[in-house]
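Both complexes shown next keep subunit A, but they swap its partner, so subunit B is in the first and subunit C is in the second.
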Partner chain A sequence: AAQELVGRVVLPGDVLLLPSHPEADGERLPLGPGFAPPGRLVCGPGLRRCGAGLLVTKCGLLRHRQAGGAGGGSGGAYWVDSQQKRYVPVKGDHVIGIVTIKAGDIFKVDVGGSEQASLSYLAFEGATKRNRPNVQVGDLIYGQFIVANKDMEPEMVCIDSSGRANGMGVIGHDGLLFKVSLGLIRKLLAPSCEIIQELGQLYPFEIVFGMNGRIWVKAKTIQQTLIVANILEACEHMTAEQRTQAFAKLSES
Partner chain B sequence: MKETPLSNCERRFLLRAIEERKRLDGRQSYDYRNVRISFGADYGCCIVELGRTKVLGQVSCELVSPKLNRATEGILFFNLELSPMASPAFEPGRQSELLVKLNRLLERCLRNSKCIDTESLCVVAGVKVWQIRVDLHLLNHDGNIIDAASIAAIVALCHFRRPDVSVQGDEVTLYTPEERDPVPLSIHHMPICVSFAFFQQGTYLLVDPSEREERVMDGLLVIAMNKHREICTIQSSGGIMLLKDQVLRCSKITGVKVAEITELIQKALENDRKVRKEGGKFGFAESIPNQKISAFKMERAPVDTNDVEEQAEEIITKADPPSEVFAKPILQTPGTAQIGEGIENSWGDLEESEREEQEEDNSDDATTSGVQKMETEEISGVSKTKKEADTIILSDSEEEVVVVLEPEETRKKTRTHTSAKQENSSSKKTFNKKRKKKRTTH
Partner chain C sequence: MAGEVRTRLSKNLLRMKFMQRGLDSETKKQLEEEEKKIISEEHWYLDLPELKEKESFVIEERSFMPCEDLLYGRMSFKGFNPEIEKLMIQMNSRYKKEEIEADDATEADVSDEEMARRYETLVGTIGKKFLKKRDQRVLQDQDEDKDENSNMRHSKMKKMFLKPLD
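Entry: the complex of A and B
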């Protein structure tokens, strides 16, 4: 049963049985995440509907989140937390992209997915038809997906719903961009993540995390930037104790 | 798929870092990445890792008729392949410019330097010679393919053994490895390529450039050399002007690097030979490093062990004499054996097998299944006592529960009247049972 396997390793081909309940027949799969009426069930990445149960399509840890409000029972969202490097665009994700083409009034942005995302020149804070943003080919863009569907070109914007940049836009001209696995990014972006807090105590630096596995770092000197980048890369395979030791060694030197 | 473009800020950062004599992975300008050589289970198969660049080398041989103008020489054939597995930028089945360049360089490095004695590959002059084929596959691309490929090629060639042949009159006899030990190729020297990347029109120089460094470099110089400091090939690309003393300095560095790598190769070959001789573990599977993403651990579940012995005794006395049906294990292939009939494969659907088991439990007639059940309970009782003391490997996944059950003294005490074979036969059931136990405790 699905409930019991939460937090355990599941493999592709496993079938998770759901606790049956009367309304199960008329149940439909809601489309977007966060659109789960109470008692309804959402299958996240790595899961697929299969009869009355869920079919696992990726290997990893099974996760579950209870539906908000009076959901309870069989509701909530199930997903598989897996380790992968290839990014698949998801609506609402904040990502770092590289501008590849300037074509008329849109930019093509490489986000690491199967297809390049499009970004309108009007989707920047304060941009108008007259006042175009200064974006060159090769620049880094931090933006958000507003359209991300299967087999469709995803679309990015660099403003939020109220037209504010809110931290998004073109990333500065220096600093280092590097890639890590998607699992590490999720780990680092978790509110309870200690790595970033511990790193912040060493010296000040700027950092941007993209859900597509890209990290941009800028510290005062090149040496410091490189240290931050290498620590973050190494963190994936370290336990908490190893990390504290490594940080202790760093703060000494 | 298109290659991920290099952003302006990466380019700028890399160039600035190089000016400050720093590299992304913390190396010095003249440092090589770690070279790791592992061998496959067969002769002539190896994987060379240069940092994260990975090349698989495989040598094979065939008896063919020689080329007309070289009747007494064996044929050497090199083929490097760049598959999309290494990098999404590589397209399958197309000869890219890079691939042609790399293949040509490899041929020049290994064939034209006459490092392999081709005359020793001749079986019957003008009729039969050995054709040695070296296939190199790039498994992961992180820059400096040529160095990794040249090391992989020479290591695979050194490791390779060809079948022995004998010629009597016109008759050529080919011996299998069982009849006669295969013979190694005769290798005169080991040419190894070393790459140098130049930046800012040759102002800065880096040894063993990584993928991102290769993208921002102005020019590349590849020198192939053996450990006797004889240059086998030298190639400069990228169209930069190199000064005479720069080339000389590069060749000096190459000499040092080649000596180090050659020593490493010989050590690796020696190690492999030793391991094979002693019958230890070898092959790729043994040489993969374990990298754990997160430590999967399972808390030890406390199990009530009071009056287990009494319970076990009681069960034994109540139980019917064990049936003789599955006394004999059937050896299907070396390594896998089947014991008894009708035992479910527990690797499949968990729920189903469990449900079946429960049904089995319910049926109370004294057929074989009933006996099986008794057996199961009996052993689970025993293993409960063992749980506290013995090594039980518990992994996180329920499917992967592996219980090491060695014939133990505690067991023999309680089950003296059952044969050892039956003990084995029911151990599979035991772990099904235990899994259920564990579930109930959660």
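Entry: the complex of A and C
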């Protein structure tokens, strides 16, 4: 059953049985604590619907979140927390891409997926047919996927549904871009992440996280930029104590 | 002989518009039925059991964002890029904001007592608006009754039909 496996390793091909719905068990009354409240259950990345249960498609740790949180369904959410380096475009994800081709109406953007994403020149804030955005080959783009499925070329935009940029668009020309694993990005973007909070106390800098594993950093000097980049790369497998030690050493110097 | 010939008019001929007028009701019905039969035979239909739409309780979500409540991907610290810092607050406090707004709603501009006092006087004036003209006059008359009784008779006199003088 899905409840028992939460926090444990699951492998592709495993089938998770969901706590049965009220109409499914006729005679047995749902009494145990394992009974999920009836409602919409969200099956997140790494899981697929399959008959009465969930089919695992990635190996990793099974995660669960109780209902009530923002964004989740009323029946809670299950997903697989996997360690992965190859990005697969997902609709709605914010990613950092590199413009590779400028071809008429669209730009081709490398996002680290199996295929380059297309980005229309009209999908920028304030862009019209006459007023083209100033985007050159090699620029970094922070954007969002609006089309991403396994059969089609992914498509990006740099505006939200109301036409505002909201921080998306071309990222500054200097700074440093590096790649980390997809798991680290999620770890750093978690609301309770201490690494980012501690880093923010050090000195002024700006940072952009793409869900495709790319991080862009810019600080006042190149040295400071490199320090931030090295800390982020190193802290993936550090314990909290090791990290505090490293930070103490840093603040001394 | 002649009668027999007439009954042997072909069906296709009888189906024509100008032939329909002379037909009696029985042959008309027969023709219609045959036509229906032809149409229903020509119609195609899938010989399948009816599909049952089962309501699914599981929603597939391919993104980690809603599952893990991830923050917005652009950050700036210690005033490096004030624009982004403003955006950070805006994007990351989306859920907190709703609570704040709910608090604001309870704080009204006009207190309840003031509202009640105001509506006390409004009841009469707005009520008048929805009455018919005749009812309005009755209301006015009642008011006038209280002031002076003599006026009442005067108003009644007014309504009487006056015979024109010769």
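Everything that follows uses one rule, which is that the second predicted complex is superposed on the first by the 220 of 253 C-alpha atoms of A that agree within 3 Å, B and C clash if a C-alpha of one lies under 4 Å from a C-alpha of the other, contacts with A are read in each partner's own complex, and residues count from 1 in each chain.
Simple rule for what comes next: a contact is a pair of C-beta atoms (placed from the backbone, for glycine too) under 8 Å apart; a residue touches a chain by one contact, two chains touch by 3 or more.
Here the structure is a predicted model, which means the values were calculated and not measured.
**Q** Look at A:Val157 in the shared chain and tell me whether it touches subunit B only, subunit C only, both, or neither; answer first, second, both or neither.
**A** After superposing on A, A:Val157 lies clear of both subunit B and subunit C.
**Q** State whether A:Ile207 touches subunit B only (first), subunit C only (second), both chains, or neither.
**A** In the superposed model, A:Ile207 contacts subunit C only, not subunit B.
**Q** With the two complexes superposed on chain A, say which partner A:Gly92 touches: subunit B (first), subunit C (second), both, or neither.
**A** second
**Q** Contact-wise, after the overlay, does A:Leu122 reach subunit B, subunit C, both or neither (first, second, both, neither)?
**A** Neither partner.
**Q** Answer with first, second, both or neither: which of subunit B and subunit C does A:Ala246 touch in the superposed model?
**A** Neither subunit B nor subunit C is touched by A:Ala246.
**Q** Could you tell me if A:Asn230 is touching subunit B, subunit C, both of them or neither one (first, second, both, neither)?
**A** In the superposition, A:Asn230 contacts subunit B only.
**Q** Report for A:Ala77: first if it touches subunit B alone, second if subunit C alone, otherwise both or neither.
**A** The second partner, subunit C, only.
**Q** One more residue to check, A:Arg49. First (subunit B), second (subunit C), both or neither?
**A** After superposition on chain A, A:Arg49 lies in contact with subunit C alone.
**Q** Of subunit B and subunit C, which one touches more of subunit A's residues?
**A** Of subunit B and subunit C, the partner in contact with more residues of subunit A is C.
**Q** Using the superposition on chain A as set up above, list the residues of subunit A that contact both subunit B and subunit C.
**A** None.
**Q** Where on subunit A is subunit B touching in the complex?
**A** Spelled out, the residues of subunit A in touch with subunit B are 1, 4-5, 8-11, 14-15, 17, 83, 98, 100, 110, 112, 114, 116, 136, 138-140, 171-178, 183, 216, 222-223, 225-226, 229-230, 236-237, 239.
**Q** Where on subunit C does subunit A make contact in their complex?
**A** 56-81, 84, 87, 91-92, 94-95
**Q** Within the complex, which stretch of subunit A touches subunit C?
**A** 18, 21, 38-45, 47-49, 54, 63, 65, 69-73, 75, 77, 79, 90-94, 142, 148, 166-167, 186, 189-191, 196, 199-211, 218-220
**Q** Applying the document's contact rule, which stretches of subunit B touch subunit A when the two form their complex?
**A** 1-2, 4-13, 16-17, 20, 22, 24-26, 291-293, 295-296, 349-351, 396-400, 439, 442
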